[in-house]
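Next up, some structures in structure tokens.
In the two complexes that follow, chain A is the common piece, with chain B as its partner first and chain C second.
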Partner chain A sequence: MMKYAFFLGCNIPARVQQYERSARAVLARFQVELVDIRAFNCCGYPLRNSDRNTYLLFSAKALALAEREDLDILTLCQCCYGSLKMAAHILANNAELKNEVNAFLGKKNLHYQGKARVTHLLTLLHRDIGEAAIREKLKTPFANVKIAPHYGCHALRPSDIMQFDDPVSPAILDTLVSLTGAKSVDWSQKLECCGAPLMGVNDDLSMRLTAKKLANAKASGADYLSVACPWCHIQFDDVQKEMEEEGRTEADLPSILYIQLLGLAMGISGRRLGLPQNKKDICDINTFIAQ
Partner chain B sequence: MFFSISLYLALAIFAIGTIYKVSTWLTRKVGVFGQEFTPSQRLYAAIRGVVGVVFSRKVLLLFRSLILDVFLQMRIAREDRLRWIMHILIYSGFTFLLLMHAMENLITAKLFSNYYSTLNPFLFLRDFFGMMVVVGVGIAVYRRFILKIPRMLTNVMDRYTIAIVAIIMLSGFLLEGAQMSSHSEFMGMVDDYSFISDDEELRALESYWVAEYGTVSPNVEAPFSDDILKEGAEAHENYCAYCHAPNKFAFAGYTTAKAMGPFALALDRVNGAAILWYIHVIACFFGLAYLPFSKMFHMFSSSFCLLANAVMDPRTSHPANIATRQALALDACTRCGTCSLRCSVAIAYEANGNRMVLPAEKLSFLREYTAGKKIAPEAMAAIHEGFYLCTNCNRCTVVCPAGINLRELWLSVREPILAEDGPTFLTLSPFSFFRGLNRPLLPAQGYERPMDEAMEAMAAAFPMARDTEATIPVVPTDRTVAARAHETPWGATFVGCFACENCTTVCPVVQSYEDPQAAVGLLPHQIMRSLGLGLKDLALGAPMLWYCLTCYQCQEHCPQEVKVTDILYELKNMAFQEVAAGS
Partner chain C sequence: MKPAFEAGRPHGASKNLEERLEPVRKMLLPCMQCGTCSGSCPNAWAMDFSPRHLWRLLLTRNGEEIFKSRTFVLCSTCYSCTLRCPRGLPLTDAMSMLKQAAAAENVRMHRRSVGFYKSFMESVRRHGRVREMEFMTLYFLSMKNPAIPLRFTPLGMRLMAKRKVSFEIPSRGMGRLDAFFRKAKAVEDQS
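Let's look at the complex of A and B:
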């Protein structure tokens, strides 16, 4: 029985609730227990640009809360994952900062030692649950659907700290996609950024980067993108929809959260997985399920 | 005479105040949504909306919200049990007192033909309801001043609210105690309700009241003989009992009367009961008159807000009604602090002390701001930061016991705040994501301005990058980057850069421009080299910093293990610090 402190971050509860729903539905079938810690806050990611030390307080508080429960953290978001791991890395290398952080946390009866590890959902599926166990639960695998896997920057890089997968030719998500019976297609823009970090800062640049990725994945024959990060998903779903209205893309390539793809292959209904919550319709993906 | 004049005066002020408050819901412009509607259009839309709901199936939702949210306050119960107990005690105790006691001639006497305030159950209930309020206020004081709920900040209005309720309740109990112990009150009742002419009988009755009813007499004193008490009890049965239940049922007043015992005669001599009556009545009328201008007005505004929330949908509701609801929402906030307690980024307030980060404080500020209060220029930076340092995680909206749609409010009010004298430097960070997502909903004009303004301010603060003609000194000028190098594991790795340009080659931002140098100022490898040359200000002036995706491609591909992205992060931090220190 695996047990994790479930760290949802800010985007998922507000804008990608289907990610939480589908993750809970799928992980329940693998007997993964998810512990909700209400005092969890933002991981600090957006603050790292302006105020590194305050960002560290955000991440350290989350890590300390998990540590107090003697749990590791499970995140669904690449940026939460990257921020938490990076914070742990900085604190492990700077005793002075660590003391400052603990002086702050002490006021909340928390203490950061660095015991809680941070795991991403994809790692949990690939490494801890494992291919064999997943294959056992498959009931309605896909056939003839081509998926372009999108890894998300902050899980992959910087690879020396993230230790997520091979940064140059990652395979985890490709393997997981193939498990569902779908075909994972290779595409040259696979490892590039989705564009979300510049959304709102430089919208034009952000959308041009997104358009480039969408066009490339489409040209590689993909029917869908599959992602495992709420930022990327919003960019490929909400933002793509808006881009279509503004005539910025014609790729028409919807994004499906990987966990939804897996859930469908396990026979969980699209409604329970929150498929209708997508801005771009993905309910048709059911037609690819092998009869 | 005094009573009716002051009552009508208080009611008049209350009515005028309420009309004024409600009119502000229709006239105040909060944020960008529905700005174009005139007050009369908003009134018309509101009436149409209400009528539309009342005559549709949505009326069931309204009814449900009235029971669960308004009367039972389940939203508070979900958040904090102690607070729910506090609120239910104060609110139901006060409501019952208002209906049964304060409006006794209008309500209680009409419902119960044999009503006397001195008979049970009324005698008991009055004290019981009063005690509910007192216990509730006690919990309120305990929560605010002793328990010190995190991030629940207390202002003048919070203190006033606790004080006015406490004064009304305490003066009520003191008045009751003074009346019970007062000998002249006793004699007044004897004159009014009995036919005693015999001094012996009066003495017996008085002894009985001293023994049983808390009266303090200058004529008789305990202990009394059984005979006297028996005779007194008989007289009591004849003259008093039919309309006066034992004072002990009014447990709080009776206890007060007993406690007042030693001073009761002196108090009676100066007509203490009358003085306390004035204090009690004036406090009640003051509370009533001032109610529309105080936090207590939330009994109406929060209820309306909850009800509106139950039936309104931002996607289908008339924009004029959204504008009205946002103005109403500012009055509905009770500063209970639930939003601040649950806020995802509240640590930023704890770290740097900027109260404006906390949602409840932002609402307080907005109330004054939308009423037309000018902001002091020195306060502006904190306000800009507070309103932008938000991940729009929706938690505040989910937990607000008054049902305020804060999510919608933040999006809407951020625009006028951004339009105030800036710059808001945080617009150059991922905090902009939500605003970017909602660009189609926002006015196109002025949308780019905050980012342009921040970029321009950054460029102006570090002019070296822009001024390509300037002579760059040969001797390294700046050691600040090296000085903070020890803070991070990568601090000094830029020294390894030999300008192979791998970082620049793989950068997706650089690839996006035909003339990258014109767009981003310095290319990533040039920034690393600038640091190597001690030209920090050259690096800080590069727009590249703000167009960096933080995708870490550069860092991953550096053969020299220069932590390019992490260094760009550090540089952004330094730029933020320097512009903040400079302004």
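Let's look at the complex of A and C:
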């Protein structure tokens, strides 16, 4: 039985609740125990480019909390994953900073050693649960649906620290998509930025990046995008809706969280997977389920 | 020439921008100006200086030009340049250090670019995690432009209809993370 400290971060409880619902529903069927630690807060990602020390403290606190429970961390978000891994890397290479952080965390009865490992949901599925076990649970696999997998930058790069997948030609999400019976299409913009980090900084440029990706994925024949990061999902779901209203895109390419896709193929109902909570309607993906 | 930045209320230590550039410069000394970073950057076309050009300005000590440019602000941290740099230089971190310098010294022309994340983190500071409605309110207030909230009204209504945002009156919260911000500032002041 696998057991993880379940780190949701900010965006999922506030804006992408269907991600949590669907992840819980699917992981329960694989006997993965998710431990909720109430004291978890934001990983600090939004501060990485304005106030690095505060970001480090936030991430260190999360890592220390998991360490206290003797658990590894499971994240659903590429940016939480990247931030926690990056913080662990910085602290492992700077003893002075680590002491400083520990002097501070000590006042909260926490201590950071660096024992808790950070795992992303996709790695858990691909490496730890494994293709064979997933295949066993499939009840209603897809047929004839084409999915463009979108990896998300912050899990892949910087690759020497992230150790997630090959940063030039990653395969993990393609493999997982194919497992559900869907066809994963190749598209040239697969590894480009979704635009989310520029939202709020320069909305116009952010939307241009998104529009370029949507058009490219559509041209590759995809019926849906599949993502595994709440920031990317917001960009392809909420922001795409807004872009449609402003006439910035005609791609009409909805995004489905990978875990929702897998859940459907396992026969879990769309409602339990939070499908209706997506902004762009994806409920008709059920029509692609093999009869 | 008008100075590129105006010393406002700094939220970090009051080091000047030149001083903040020094560690970045040191880090990028091995840059051989090959331009792979510019070729890899999805946003280079929108920047006033290409990333390669920015590093050249940095190494030839044109600090003022750097902070007048919006190149580093438009970095979306995809780490493609870091992945491909043949010298193995941490270029995305360098962009991040420039963003942090501009934020700490409150450089006037880049103030807006940190408004979004500052508002996000203000809500986190109060409650530990972000609260959507409060975050939006803080962000719109920081923009000081009534047209912006209007642009988001249709989206907001839809979000509320789907119960994606709740009516929460912005509150002071418990200031749960105050100590973290204070500690980070103390570390900053020491270094």
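Couple of notes before you dig in:
Here is the rule we use: the second predicted complex is superposed on the first by the 291 of 291 C-alpha atoms of A that agree within 3 Å, B and C clash if a C-alpha of one lies under 4 Å from a C-alpha of the other, contacts with A are read in each partner's own complex, and residues count from 1 in each chain.
Operating definition for what follows: a contact is a pair of C-beta atoms (placed from the backbone, for glycine too) under 8 Å apart; a residue touches a chain by one contact, two chains touch by 3 or more.
All figures in this text were calculated on a predicted structure; none of them were measured in a lab.
Once the complexes are laid over each other on chain A, chain B and chain C cannot both fit and instead clash. In the overlay built on the shared chain, the residue A:H150 is in contact with neither chain B nor chain C. Touch criterion met: A:N94 reaches chain B, while chain C stays clear of it. Of the two partner chains, both chain B and chain C are touched by A:F104.
In the superposed pair of complexes, A:I234 makes contact with chain B only, with no contact to chain C.
Within the superposed three-chain model, A:R21 lies out of touch with both chain B and chain C [touch as defined at top]. Contact with neither chain B nor chain C is seen for A:H120 once the two complexes are overlaid on the shared chain. In the superposed model, A:C42 lies in contact with both chain B and chain C. In this superposition on chain A, the options for chain B are 132-140, 204-212 or 510-518, and chain C clashes with just 510-518. According to the touch criterion, the shared surface of chain A, contacted by chain B in one complex and chain C in the other, consists of residues 9-11, 13-15, 41-42, 46-54, 57-58, 61, 97, 104, 153-154, 156-159, 167, 191-193, 195-202, 205-206, 208-209, 238, 242, 245. Chain B meets chain A in the complex at residues 343-348, 350-352, 389, 391-395, 407, 425-437, 439-440, 451, 486-489, 508-509, 512, 546-547, 549-553, 555-556, 563, 565-566, 569-570, 572-573, 576. Of all residues in chain C, those touching chain A in their complex are 11-12, 42-43, 46, 73-74, 76-80, 82-83, 90, 92, 95-96, 99-100, 103-104, 113-118, 120-121, 124, 128-132, 135, 139, 154-155, 158-159, 162, 164, 176-177, 179-181, 183-185, 187-188. Here chain A touches chain B in the complex through residues 9-11, 13-15, 41-42, 44-54, 57-58, 61, 89-90, 93-94, 97, 104, 153-154, 156-159, 167, 191-193, 195-203, 205-206, 208-209, 212, 231, 234, 238-239, 242, 245, going by the rule given at the top. The touching residues of chain A, counted against chain C in their complex, run 9-11, 13-15, 17, 41-42, 46-54, 56-58, 61, 97, 100, 104, 107, 153-154, 156-159, 167-168, 191-193, 195-202, 205-206, 208-209, 238, 241-242, 245, 277, 279.
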